[in-house]
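Presented sequentially are two complexes of chain A, the first with chain B as partner and the second with chain C.
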Partner chain A sequence: MTSAAATIPWDELIEHDRVHGSLYTDPDVYAAELERIWYRTWVYVGHVSEVPEPNDYVLKSIGPQPVIMSRDKQGEIHLLLNRCTHRANLVCDAPKGNSSAFRCPYHGWTFSNTGKLLGYPFNSGYAGTALKSELGLGRVPRVASYQGFVFGSFAEDGPTLEEHLGAATDAFDRLVRLSPTGEVELTAGWLQHKCKANWKMLLENETDGYHPQFVHSSIFSVAASGIGDLYGEKSTAVCRDLGNGHTENDLRPEFRRLDQPLGWFGTDPAKVPDYVDQLTAVHGERTREILVDGSPHVMVFPNLFIAEIQLFVIQPTAVDETVQHVTAVQYRGAPDMNRRMLQQTIGSVGPAGFLLADDSEMYERNQRGVQARNPEWLQIKRGTHRERQDENGFTVGDATDEVPQRAIWKHYRSLMEA
Partner chain B sequence: MADEVGELSSEFASVRVRIDTDGNGPRLRVEDLRTGHVGFLDPLELETLAWLPEGGLHKLLDPSLHRWRAEDQER
Partner chain C sequence: MHGATPALDLDLLREVEQFVYREARYQDELQYDAWESLWTDDGVYWVPANGGDTDPTKQVSIMFDNRARIATRIKQLHTGKRHSQTPPSQLRRLVSNVELLPPPEGATFGPAGDVYAGANFLVYESRERGVTLWAGRSEYALRTTDDGLRMAFKKVTLVDSDRPLYTLAFLI
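Take a look at the complex of A and B:
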């Protein structure tokens, strides 16, 4: 098979401060992205807390490919392709379950939860059992996790997960540090929102600090939330290029200026005394600083958005269709905090929530707008003149600048041209 | 006499489990709810299951082992 990516002139479509509209609509570009990004680099798949017991499994995905994440009896986690090796039926269909073996409903081929083919009905039709050793389930060749977050890569070799995450590991560390046990659990259940837009519309929006005051003004006014000001012209917050396509809206400068423990979460320590006590028992004097700084707002390329108290997983299913999987972050062992995080999540991204509905409307309008071919380009030059390096050498911009979008496209281009 | 333990279902199977006391000692009675087929497990067999190593049931999970095999096929 020839490479789709090799035939596309990436340098003519992606410039430093503008990108071509066809990148969001061209099926060949989408095919190239599957090849070079989704089926090569590290992609977030699931969390260890979703398969807590031996023989637990959950259904996940890598782009359009259906994946089973299973934990075997020894505790090891496997990423198996959910495709029967007989004639391609889905082997598992329930979103989650507990089973040491999976039996395909079409003709009964049966696989262990490590992918081994255990047998098939009426084996005389195959002149014995020789097929068994050859036809185990397909698997994602590389599986690795960081702070319980499980990633898969279809490339047999390449950078390690930690090399890929690079500076973004800090986002995971900061996230789990807010849990008194140092662990998060993704046990609140998942909402799935399908939207008719290219996946990169979502990727670029997650760390876009320019739109919140505009698109989300109604929720900010109804909720009397100070969040809008964090993304204002006077905000001291910054946006940051973390490298490898990972991007961040770093709101800590604002939170430190305001100096309110749990201010980032819109509450105060008196409302969640148990949680604050638990955290203090672990972090002592540093607790106040941790509670002031709050939770990260980081887009981990290409598909995991850590949005303070929620996680979004971006799944492309076609060039113009994307599914967002959303859940509330839960801190293991902190029920009072968890209840509040769940409530806020339902309010902002649930079926009747404001935040995600506002954004999704924008994604779909973007996708329709970008069909127009004049002008051909999307502008991502905002703040180019005031980009600077922070003390660690990362490129940062003001809160509303387009440093993250430029960072995403720079990395994207390097992958597509590789 | 049989004390109901409960029903267990996955996407692959549904069984009802009872403790049967019709014999001289108790047995676990397992009913396949999709076919009505019933099997029994005595305490020693159950203890063996508790000690099964990884993959210990793999042979038995082969559909061709007994349930889906041609009648004339040798075992």
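Take a look at the complex of A and C:
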């Protein structure tokens, strides 16, 4: 089989400050992305809190492929492909549950939650049980987690998860540091928001600091929100290339200038005294600084967006269709804060959200617009003249610059040409 | 909100039917202020995700608006910059199976009414993206006021609330 990726002239489609429209519409590009990105690099799959007990499982996905995330009775987490090794039926149809085994409804083949084939009915038809050792469930060969976030890679070899995350590990550390127990839980359920757009329209928008004042002006004009100013001409916030395609809108310079604990969340310590007490018990004098700095806004390539109090998971389902899964971050053991994060999430995101409904409208209009063939290119040059290195050697730009988009495409091209 | 219909009060049933039809017309015809005026001051508008049996104080919902958030939603639509409704969806909905219901048992996550009713709906939405059909059930806690019936609580359970959904920025 010829590799789709090998036949596409990536260097002619991806330049430093512009990318070709066909990258969002060409089915061959999409096929190449599945091969070189989704079925090769580390992809976020689920969180340990979604399978808290032995034998818990939950259905997840890697791109269009259905995956079962299971925890075996010893507590180890497995990523199994939801496909019977006999004739390809789904072996599991419940979205989540607790079971030590999965029984295919088609011919009764039964697999353990570690993927082992336990047995098939009427052994004589196979002249015995020899096949059992060969036909365990397909599995994602490499599984690793960081701060409870479970990733899978279909590549047998390659960079470790921590090498892949690189500087983005700091985003996870900062996220869990805001929890009094040092742990987050993804227990609030998921909204699934579908749109007719290529997945990269979403990927690039997550750390686009240029759009909020335009796409979200309607809600900023009717509800008190400091978000718009964070992404203005005067903002001291920066955008950052974290390497390996990971990107950030670092709002801390603005939050430090404003110097309001929990200001990033639009509240103050008096409203959530229990939470602040709990956090102070852990962090002492550093608590104030932690509460001023707030939660990260980081897009972990290719599919996990840590958006302060929400987590988004991007799932491509076709070249022009994407499902965005979103849930509220919950801090284990902080009910007062969790209630507020949940209600703010419900208001902001998902199909009816004050913010995300309009983002999604933009994705779909982008996808329709890119059908026009003149101009052929999309510009991502904003801020090229003022990008600079920060004290750690990362490329940064002003709040509204397109450093993140250039970082995404640079990494994308390296993967596609690999 | 299941169980036997109370002794049928035909006048009340007719009043409730007229109310839900009027609400549907306001929604379809983008009469946002008229629609908002159908709410009581403590109104709660809930569109659950992942089936109708979740606890919206612990689980995500598609919408869970208190009265202030309903007002914000209407103000946002009025800005003309709510891109997901600019241009607005073209809408027509059928509302049927209108029934008076006994008061619900157990937690409802919304304020009480003095009249309870349920209805099924099918919304035909046309946008640039294409046509989307939205089917589901509305359950109402209504209050009798000097101005007629008002909504204290409306719960809208979509048939496909547990599946990926397109943007739902119009009033359902």
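Throughout what follows, the second predicted complex is superposed on the first by the 416 of 418 C-alpha atoms of A that agree within 3 Å, B and C clash if a C-alpha of one lies under 4 Å from a C-alpha of the other, contacts with A are read in each partner's own complex, and residues count from 1 in each chain.
Methods note: a residue touches a chain if its C-beta (ideal position, glycine included) is under 8 Å from a C-beta of that chain, and two chains touch if they have at least 3 such contacts.
The structure displayed is predicted, hence computed values, not measured ones.
Q: Quick check for you: in the superposed arrangement, does A:Ala94 touch first (chain B), second (chain C), both or neither?
A: After superposition on chain A, A:Ala94 lies in contact with chain B alone.
Q: Which partner does A:Pro180 contact after superposing on A: first (chain B), second (chain C), both, neither?
A: After superposing on A, A:Pro180 lies clear of both chain B and chain C.
Q: In the overlaid three-chain picture, which partner chain does A:Gly152 touch, first (chain B) or second (chain C), both, or neither?
A: neither
Q: Please work out whether A:Leu342 is in contact with chain B alone, chain C alone, both, or neither, and reply first, second, both or neither.
A: In the superposed model, A:Leu342 contacts chain C only, not chain B.
Q: In the overlaid three-chain picture, which partner chain does A:Leu118 touch, first (chain B) or second (chain C), both, or neither?
A: After superposition on chain A, A:Leu118 lies in contact with chain B alone.
Q: When the two structures are laid over each other on chain A, which of chain B and chain C touches more residues of chain A?
A: C
Q: If we count contacts the way the header does, which residues on chain B are in touch with chain A in the complex?
A: Going by the criterion above, the answer is residues 10-13, 54-55, 57-58, 61-65, 67-70, 73.
Q: In the complex of these two chains, what residues of chain A are touching chain B?
A: My answer: residues 72-74, 92-94, 97-103, 108-110, 112, 116, 118-124, 129.
Q: Over in the complex, which chain A residues touch chain C? Could you list them?
A: For chain A paired with chain C, touching residues are 95, 187-196, 215, 217-219, 221-223, 323, 326-328, 339, 342-343, 345-347, 350-352, 354, 357-358, 360-362, 364-365, 368.
Q: So in the complex, the part of chain C that touches chain A is made up of which residues?
A: Its residues touching chain A are 47, 49-50, 54, 56-65, 69, 72-73, 75-76, 79-84, 128-129, 162-169.
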